[in-house]
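Shown below is the structure under consideration.
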Amino acid sequence: MRVGIIGGSGFAGSTLAQILTFHPDVELTYISSRRYVGKYIHQVIPNLHNKTRLKFDLPENDLIEEKCDIIFTAVPHHTSHEMIPDLLDLGLKVIDLSADYRLKDLKKYNEYYGNHSSPSLFKDAVYGMPELYREKIKNAKLIAVPGCQASCAIYALAPLINENLIDRKKIIVDSKTGSSGSGASATEASHHPIRANSIRPYKMTGHRHTAEIEQELSNICGEDVKVGFSAHAVNLTRGILGTIYSFPLNEIDERTIIKAYRKFYRKEKFIRFRKMKAGLFRLPDPKLIMGTNYVDVGFELDNHIDRIISLCALDNLVKGTAGNATQCLNIIAGFPQEKGIKQIGMFPY
Amino acid sequence: MRVGIIGGSGFAGSTLAQILTFHPDVELTYISSRRYVGKYIHQVIPNLHNKTRLKFDLPENDLIEEKCDIIFTAVPHHTSHEMIPDLLDLGLKVIDLSADYRLKDLKKYNEYYGNHSSPSLFKDAVYGMPELYREKIKNAKLIAVPGCQASCAIYALAPLINENLIDRKKIIVDSKTGSSGSGASATEASHHPIRANSIRPYKMTGHRHTAEIEQELSNICGEDVKVGFSAHAVNLTRGILGTIYSFPLNEIDERTIIKAYRKFYRKEKFIRFRKMKAGLFRLPDPKLIMGTNYVDVGFELDNHIDRIISLCALDNLVKGTAGNATQCLNIIAGFPQEKGIKQIGMFPY
Amino acid sequence: MRVGIIGGSGFAGSTLAQILTFHPDVELTYISSRRYVGKYIHQVIPNLHNKTRLKFDLPENDLIEEKCDIIFTAVPHHTSHEMIPDLLDLGLKVIDLSADYRLKDLKKYNEYYGNHSSPSLFKDAVYGMPELYREKIKNAKLIAVPGCQASCAIYALAPLINENLIDRKKIIVDSKTGSSGSGASATEASHHPIRANSIRPYKMTGHRHTAEIEQELSNICGEDVKVGFSAHAVNLTRGILGTIYSFPLNEIDERTIIKAYRKFYRKEKFIRFRKMKAGLFRLPDPKLIMGTNYVDVGFELDNHIDRIISLCALDNLVKGTAGNATQCLNIIAGFPQEKGIKQIGMFPY
Amino acid sequence: MRVGIIGGSGFAGSTLAQILTFHPDVELTYISSRRYVGKYIHQVIPNLHNKTRLKFDLPENDLIEEKCDIIFTAVPHHTSHEMIPDLLDLGLKVIDLSADYRLKDLKKYNEYYGNHSSPSLFKDAVYGMPELYREKIKNAKLIAVPGCQASCAIYALAPLINENLIDRKKIIVDSKTGSSGSGASATEASHHPIRANSIRPYKMTGHRHTAEIEQELSNICGEDVKVGFSAHAVNLTRGILGTIYSFPLNEIDERTIIKAYRKFYRKEKFIRFRKMKAGLFRLPDPKLIMGTNYVDVGFELDNHIDRIISLCALDNLVKGTAGNATQCLNIIAGFPQEKGIKQIGMFPY
């Protein structure tokens, strides 16, 4: 299988390049970056030193058509929706890492992201979360890889919503994310002396991922779900912890909730339920999944004010982006789902 | 004013020593540590190198009586309630940094901390939060300095509770704290390779500070307040950010909430309202108050699911413990409240 | 004393603003920033929230002449030498934080920095290191504040050079610096996900501070001193540790070296000799001086290969820049040297 | 191939367990830990969650003999030399991760580590550095895996010593290491609030790794080599950067040095030469090799004082310990050397 990446110098694209270079059943034949065209990719992605002789190309459709069976688009939103219709016309399957085809409701897209040039594709695009849409992904022509913080919230909430255990209108997501989540471009906010040693409440309301979280949770239960999402930037380069607070509809015990998680994820190799009775790591912590495609979910039930605290930890660039995109590729290509992405990181991170 | 510290080698006591050594109207005449008795305090508190010739003494009442007008007890809970009745009998004023006299309800103390040998002192002990009890602190014989994470939650919530703006039974406190909060003793959990680079949800339910948060908020409004408190250990040595989610009782606008904060804290020099329209630091962030007695509070109103996100940042060892204890001392002694604690830290931290 | 700062939004200028705002005998009357003109300075320097109503002005000589007795120039090199002759012509005393007047040898300046428009001022400019030039600073019209990493190396080496203890041609300086050393402007290299968790050997040879280290050490001994300076960027926002390796000329014992340090710094309040026999902090560590004007120096003698390992820790923005500039101001103004800069930080940092 | 680990709960042993669990040609059949006997290893090594059902056993020779063909000993020095003779008597091949069989000179061992119970084994033990002793490793019965900081220094220096390019008596090693280097046991020095945000010069002279560095470099050139080794603890959990300063014997140019490195490591897949002309990562930086068995080496030549600055970055727990031990296993077993250890980490770390 020959695959390519448009936008290979951002963090999403470069993480994909790191994964696909070592994928045993895939050949990374093409990667583009306007900025670095002509350079070896290991000059920009230092981990690939000695591992590949690939160079950055221009994003030209002739080249892509010639070299790729499947193309990943790892470009900003808006750039994606301008590019993708033509790529689809070439007969390519497209796995898009931007936000452009995640939402089904144009109004929501307009509200959070602005105008869209090809909303007619919304109905065929598949939200690339294997745990929800494995069957659809198999035959999709256009995959919209979920947002990293959205994934984190959905993984924690889906089982509870699926079993109708919680108040669907009063869900609080307190998201804590590392600095790579905001991309590879330097800004004043990402300047190391400014960004380090902080816990910055950078987006308490109006975060764009709200829309896809609500869309997907609503799809699960067939009812309108509303989420209050708040994002904090913490003192890490990567990793997300989502702490999600919800309120049970009825009296509930731990076993019921454990069952909901076990049932929802019983076939999922990348979703691990973590709720230990002892030890230092009784609940999900990004430290345990850094650099991997694994997701740890867990919860505690608090009888003091009748709330459920659900937790989800994932690596924003792997299961939150490029690893998950690779899992989608594996599904499309008929490979075992863990191909190329089953590596664990090293502990202690 | 001659003051002393019992328990000077823990982080609370050693921070007090750092502050009091430079307090212009106070003489630190005595400091005890069983472990380090006979050593110069700068051997244990390296910041005091060349700044004092004080040595650690044993915690003996004769010495304390002779050398101190006011004594700070910076020992673990249970040790405090065993010591303090005798210290009061000596005629000393006691400022206690443990949890032993914070609660007024023995049942709550028993529930969270176990047995208590002198609950009869509860009625006279004053919760040492100047913003709530300035007048009582002036004449108190026993001050119970609030818990650091409790302070953080109370500062964010008091104005909302005071104006009866929010649902008193559905309050979520998502607390994020640095590693010094768990004290100066090394444990497996605090081992650097284990503790660093993590976001550990270490106490999602049943945190002890819940009791004092509820007690104080209930006192403000005269009604029962319930709080769901969840604590995370983040990748910092010091500092706390509290993100507090609450639900307005009625339709509400930003101005009403701003007024509530402005009114509640209008005379408070250490409480700063932070809600900027622009810039990198629009809301509270511990980075801005590290090493100081300042507290930043702010909020956002989310109409999407009708919630208020209140934020509070403070330094757990200063305004969360030793700085606040010094502020209480200033009130008792009739000094200006900022004496010895008005220093700002350096930016960027 | 009315003082002003040209270039108040960089880290050097903004640290000066933080210090001078609280200096008891100084009034900060003027601060400029082309970029932020018209804004309150606390909008850019968040630590000054509620502490001042000063706004950023344009850098105009009329204003400066009217408002200031002494002016600090905290602008990049080249900008300084274009500005300073006119400021001196106005009769102002100038304390320059750039590199423009540190070197006495135009060739060296040309080699490391390029062209210079007013080298005739070199002979009158005083290298602003109080430990070397206190008397000259008193009456200087133009002070050139030393570079931060240069200061660190000089403090560690001056006593050894002064006593002629080491080989003057084989000195190795291994410098480790936090990220604020490269300024307030965001670059790709300073992007948090890139800069964090690294030990980057960013300037192994040809570092500009080499010239001033050699100039000052040569001045001390009247002989040519050569230094091999190598700079590493470590995972901190501020602080420098210099580890300096030198080779004794003759057989030597610890006492001789201790005496050399004690003698050289015996009157210096900001230089602390740190060589403990026990404890966790036996030698200098930036953790102990963060946010302060203190410098810790110490050493070990290694008989295994006959070398001296000298260590120096300082805060690059305080004693390495703005704090030291304030110390120079105190000397010029006849204030006690510690005025406004004797604050210690909080431990643990 | 059935392998076992004695001492599986320390960082060396647990890293080995993480590697060997995924090694395609190896079965990890046995792992011991006195402290955790009976527990699943994933309870202590959280990365192995769902990846193995192995439990910790007692370190009993019967068990080991029955279950293992090769045994790794990941126990402290002294414990190793007490255990290993019996293990060898069972006919097992032993790969020892302690310091007990690294040195060939009993006097040196006594000087740095104390008494030794089986020095007669020194002559047969092979220093487990494949780059130096590949052929001997193939048939060795006892492998002594090198120390992590020693490896780092040797990799940087071996090519220069091999070509007789530098003064063998004036070599300075400035080593910077993360916190996992001091092991899995919590101490006061490793307590997070104390250890974080520091650059601690913890062992300026007398570091134990000096002996093995000198032994191995002397072996290469057949002459006595002396090294001044100084170790700093930096603000990272893992990774080492060695900055090595040496003095060329004769006039030298860059090409000669490049050739020395290229030649020495031309067949080595894990040693990468890193000396880029452009980009952010022109020289070795631990950030680039975290979690991997790769070693980056590079250098700069400084004509200013005629010195060579050699740099080496490696992961102390992988190529510095457990990864390198696995590479030795691969050599002994006749597997391709990269089996099970060719994984790269994720960038940005």
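We just call them A, B, C and D in the order they show up, numbering each chain from 1.
Everything that follows uses one rule, which is that contacts are C-beta pairs under 8 Å (C-beta built on N, C-alpha and C of every residue); 3 or more make two chains touch, one makes a residue touch a chain.
Since the model is a prediction, treat every value here as computed from it, not as a measurement.
Taking the definition of touch as given, a chain qualifies here only if it contacts chain A and chain D alike; those chains are B, C. Averaging C-alpha coordinates per chain and comparing to chain A, the farthest chain turns out to be C. Centre-to-centre spacing of chain B and chain D amounts to 45 Å, using the average Cα coordinate of each chain. Here the spacing of chain A and chain B, counted between their Cα centres, is 39 Å.
Contacts with at least two other chains are made by residues 11, 180, 188, 193-194, 197, 237-238, 281, 290, 348-349 of chain B.
For chain A in complex with chain D, the touching residues are 11, 14-15, 18, 22, 43-51, 180, 237-238, 272, 274, 276, 278-279, 281, 288, 290-291, 296, 315, 317-318, 343-349.
Touching chain B in their complex are the following residues of chain A: 169-172, 174, 176, 188-189, 193-194, 197-201, 204-206, 210, 226-228, 230, 232, 234-236, 239, 241, 243, 245, 247, 280-281, 283-287, 290, 300-302, 304-305, 307, 309, 311, 313, 348-349.
The part of chain B that touches chain D in the complex is made up of residues 11, 178-180, 184-188, 190-197, 237-238.
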